[in-house]
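Paired with chain B in one complex and with chain C in the other, chain A is shared by the two complexes that follow.
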Partner chain A sequence: MDIGELILSTVRMATPILLVALAELYSERAGLVNIGLDGIMSFGALAGFMVCFITGSPFLGILAGAMGGILINMIYAYCTISLCAEQIVYGMAINIFAPAVASFIYRIYFGVSSTLAQDTLMKSIAIPYLKDIPFLGKLLFDQTPMVYFAYLMVVFTAIFFNKTKKGLNYKAVGEYPKAAETLGINVIRQKYVACMICGALAGIGGAYLTTCYVNTYSDGVVAGRGFIALSAVIFGRWSSGGVLLACLLFGFCDALQLRLQIMNTSTPYQLFQMIPYVCTLVALAAFGIKKAGPKANGKPYMREER
Partner chain B sequence: MKLKKTLMSVLVPLASVILAFVIGAIIIAALGGSPVQAVAYLFQGAFGTPNNFASTLVKATPLIFTGLCACFAYRCGVFNLGGEGQFIMGSIATCWVATTWGIEGPGAMVLCLLCGIIAGGIWGAIPGILKITRGLNEMIVSIMLNYVATLFMGLLYTSVLRDGNVPQTAAVPDATQLQRIVPSLRVTWGIVIALAVAAVVQYFLFSTSKGFQLRAVGLNMTASRFNGFSVKKYILFSFVVSGAIAGLGGSVELLGTQYRLISGYAVGYGFDGVAMALIAQLNPVATVIVAYFFAVLRTGANTMQAGTGVPTSVIDIIQALVIVLAVAGFALVKLPQIRQWLAGRGGKKTAEKKEEK
Partner chain C sequence: MEEILRMEHITKQFGSVYANRDINLEVRRGEVHTLLGENGAGKSTLMNVLFGLYQPTAGQIYLNGKPVKITSPAEAVKLGIGMVHQHFMLVEAMTVFENIILGDKRTKGVFIDRDARRKEITELADRYGLEVELDKPITEIAVGAQQRVEILKALYRGAELLVLDEPTAALTDLEVEGLFEIIEKLKKENKSVIFISHKMREVLKISDRITVLRAGQTVCTVERSETDGAKLANLMMGRELAPSHYEKIEQPGEPVMTLDHVSYHKASKHSGLNDISLSIGRGEIVGIAGVDGNGQSQLAQIVTGVLTPDEGEADLKGSKVAKFTPNGFIVENVAHIPEDRNKMGLIGNMSVQDNIVLKSTEEPRFSDGHGAHLKKKAIHEYALSMQEKYDIRCESVEQETRNLSGGNQQKVILARELEGNPDLLVAVHPTRGLDIGATRFVHDSMIDARGKGCGVLLISADFDEVLEISDRIIVMFEGQIMGVYPGKNPPIEEISLAMAGK
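Now for the complex of A and B:
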């Protein structure tokens, strides 16, 4: 087995999960548990695919994925923040709603029996100088721009939440919204902003799948990655560094299972496909601690209530 | 007050359904179809002939099981999103017993059903055990187990239990299959089993002390713990029973409708179940009604597509809209402002229905 190939593929597979896990991190830091990530991703995947197919530009596709993600997540935002609907229930509703809409639009636009539509994949861009580092350079600095974006987001998120006033205010909303409100933080607005960031990142994560990873769209393209991202946030203890490590682990499982499939064609491939899911379970069972997240996570915030 | 609450829990889903249909009609019109004609075909497809009516009942059967599965667990305050996995594991156990043990007949059928229940229960127990021992999020665990179960089923019908060239298992022997109620119609005793399970769940939850305690745990875990209820035991119990219901559903589906495991088996049943339980406000009887409604939409959709050319996926949108609107509606009527407003004007409930959307 070629180790370099495996690492390359790990980085590639970890990226969509990482983007979506960061989306969830932004959401949960504002006290909103969003389990509708799978749904947002599938809509982002469709939006990204359609725009990329029509315009031929993967970048516009990614942008469309972000917009689509925000659009879907605004439904969630309105219902959970303004109507105080239960977040888990509404996340589930999004999980049912968004894929149905995505699959409907795809069928209307491309027809049911037409040949498989394909879009252009994003090309990788090598970073000058850095790519010449022996071994690592080829692996880490010769990727698609989305991979760089994801890793920059990790750094940015870490700095934002720990070193900036805005970031601390943001966190306060997720920890103790009432206190945050007394300090003059607009809790409701902050939550809406969180939902926008979450929707955009999750949509980009979905669009990554159809513009950087495979060049077709099919129902179920997301394959539970939203939930794997959700567990990455828990596993990574709600810090961006931890989330990165968790995502790399899950990405590695995904890469490994693909490699194993190619190497052992005699073994049924389903056995290998189980690896990422089983690995998520084992990782959670071994390291998942329940009481580490933001304190007001999942609780609706009613301004008038005492 | 209680009357008004019941009324609201009927009006909100009803309003959501109507609104979803209106949006669906707009989509159909935008696609160049005739909404009236589409709805006519839809209902003709679902009820038009005795055969169509029977098909609707056949479609409703698995949905009732997964709906009750989601309903039961959430009554205890835990979210079982693994209905699909438990359903599949039940089907797998049934298929294995029915096709490889070399037994046939009604006795074998009962054994198959039992194995389905056990397999579903075991698969449901896993998230429960991980929740109470390790504090894991039961939603993530049950979702992951869905994928494992689906892949495991794929493994079986492509290699281990494969029968012939096509990737599928052997069919359940005729004598082991669930028999039809009326020989000329497709509907089997499976629907009776489904209704019986719904009745038992309804009785257990609302008429026994254990059921009361289980619901108490679901409403307030902390209070239940201080009252001396064994919260962990109830959580595990609710997961096992919920899994067993789904497993039985898988068993019934295999013995009564599908007869063999094949690609695409049971896709989406789990989430549909959750959707139905939520629209039904976790009421078992209402879950049955919602499941029937979903089945009507599905059987009717094919006739509608054949008759008017409107694609069946419009129906998926309508279904998805019902859940999105219903959950938003329930949240809306619970808001303090709306509550006050509702309390303020006693009798005018029909007016509120329009207002809330």
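Now for the complex of A and C:
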């Protein structure tokens, strides 16, 4: 097995999961558990694909994915923040609703045919100097800009939550909203902002699949990556560094199973396909026991409550 | 002394309930002003209005003589009002330092300037003797230290007027001493403190002036030098009471429940019992008086089998209780009107008729085969007869109980608990939140039960209620029995003082 190939594809596989896991991190840090990531991703995937198909620009596609993600997530935001509805129920509703809408729009525009429409894939951009590092340079620094964006987001997120005032206030909303309110932090606004960030990042994660990974859109293109991202947040202990490691592990499993499929044609391929999911299960069972997430996670916040 | 705060005619309504009604309060610079009142007198509501957490239905607030409208806590902080809530507003996952600077808008810049902030906080802490360890997470410091963090938080934001909502409730005696020293230092720096409490001893020790609230209204404001504990207790309870119109029993029957040196979580003053011995006879009502949170809930839960005491013995109908289980007590015909009817007394999403038969579904008249198949028709008819007997006002007995008014919900509980002619009835705050008519009905029902030979244990924070129907009055304070008094011609002054722990 070619180690270089494996690392390259690990990085590529991990990127969409990483973007979406960061989306969830921003959401949960404000006390909003959003299990609708899969739904947001599929809508982002469609929005990204269509705009890329029409304009020919993958970058505009990514932008459209972000906008689409925000749009869909505002349904969740309004219901859970303003109406104080159950977060799990509305997350699930997004998971059912968004992929269906995406597939509906796709069929209206492209019709039902056996040949899939194809868009332009985003091109890799090598980073000068860094790409010349022996072995790793070619693997890590000759990727699409979205890969760099995802890793920069990890660094940015770590600094934001640990070093800045705004990040501290943001975390307080997820831990103890009432305390945040008494300190003059606008809890409701912060939660809406969190949902916009979450929608945008998850939408980008979806659009990545159709503009950087494969050049077509099909139903089920997301393939449960939203849920894997969700578990990456728990596995990564709600820190961006931890989330990165978790995503790399899941990405590695995905890459590994593809290699194994190609190498062992005699073994049923479904067995290998299971690997990322089994790995998720094991990781959750091993690391998900101790509750360490934001304290007010999943609880609605009502202002004038007695 | 000049005035810092004036609240005029403050009214706050929650639905149809008045939490505050036409309240006036005036606080001077450099004084400790106590708000005194029983639970539910409206102290916390008034302070939440002051701090911008609630918007008043009517009324006007003046700060330093100028009218202000406080729309949010942020606004209150800007105006120099600091509040230490009864339940601390501290983010447990963060450190002391982070909690203090949280939400700080005074300094520009994106990043946290740790060194400068630390210096500032340390100086402030030294000035007021507020010892805190800045780098410890909140979960690792004691309650007293958490309170110091809260005070420091308020001072850091430039508070001139500091509200302390029941600050001593969770503290040990030593920590209370420390707090009082801090309050004295605040006074020296010409800051004003609003101190909220119902503990007489502390109020007398620390206050300059005292405003008494009762049932959401101001009773009066008095100078500390011109009053004493007994006077304040009377003002707080509102003791211009007409003599009870129920006959008091002086010779009860044989004991139905006896507690012998029972203790439960002894060390806890507010949620434990310390060496309680008492007995409830057939055909008498024993009333437990005392400010809420002095062990009453735990007592009620022990005599209904919900909690098991750590020490001591209990005798039920002449035989020793071996195992404390709710069902065991129900089988022994112990009825329970629990303290929170919505959380413990009723299943809100179930119908009136289902709630009425909840305890007796296994009886042959309501089901075949010990509850295997419910006789819906028999249950319905029984519920209709109960609806009439207990005057439960609902659209139908199939209506969900959560949609009923408080009084009618309580009647559903009465119908369930009293119909079996219990040997022991434990009633906790049985009339809380009820209007006069419903209250009278509940009292009459309890007197009826007494007439049928039932022993009744009444636990209530409403002193009037205890005086009204008890044949014997026991005062509880910090988990202990302070005294036993006759229900006929009770020594009211003595009882009031016992309730305040004197």
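Note that in this section the second predicted complex is superposed on the first by the 303 of 306 C-alpha atoms of A that agree within 3 Å, B and C clash if a C-alpha of one lies under 4 Å from a C-alpha of the other, contacts with A are read in each partner's own complex, and residues count from 1 in each chain.
Going forward, a contact is a pair of C-beta atoms (placed from the backbone, for glycine too) under 8 Å apart; a residue touches a chain by one contact, two chains touch by 3 or more.
This structure is a prediction, so every number in the text was calculated from the model and none was measured.
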First (chain B), second (chain C), both or neither touched by A:K295: second
First (chain B), second (chain C), both or neither touched by A:N95: first
Which of chain B and chain C A:Y176 touches, first, second, both or neither: second
Winner by number of chain A residues touched, once chain B and chain C are compared: B
Partner chain(s) touched by A:F227 [first = chain B, second = chain C, both, neither]: first
Chain B versus chain C as contact partner of A:R107, first or second or both or neither: first
Touching partner for A:I262 - first (chain B), second (chain C), both, neither: neither
Common interface residues of chain A - those touching chain B in one complex and chain C in the other: 304
Chain C residues touching chain A - in the complex, by the definition given at the top: 14, 51, 53-55, 72-74, 77-78, 83, 85, 89-94, 98, 101-105, 109-112, 153
Residues of chain B defined as touching chain A within the complex: 31, 79, 81, 130, 134-137, 139-141, 143-148, 151-152, 154-155, 158-159, 271-272, 274-275, 278, 311, 313-314, 316-317, 319-321, 323-324, 327-328, 330-332, 334-336
Contacting residues of chain A [partner chain B, same complex]: 35, 75, 79, 83-86, 88-90, 92-97, 100-101, 103-104, 107-108, 112, 223-224, 227-228, 230-231, 234, 268, 270-271, 273-274, 277-278, 280-281, 284-285, 288-291, 302, 304-305
Parts of chain A lying in touch with chain C, wherever the complex brings them together: 163-166, 168-169, 171-172, 175-176, 178-185, 294-295, 304, 306
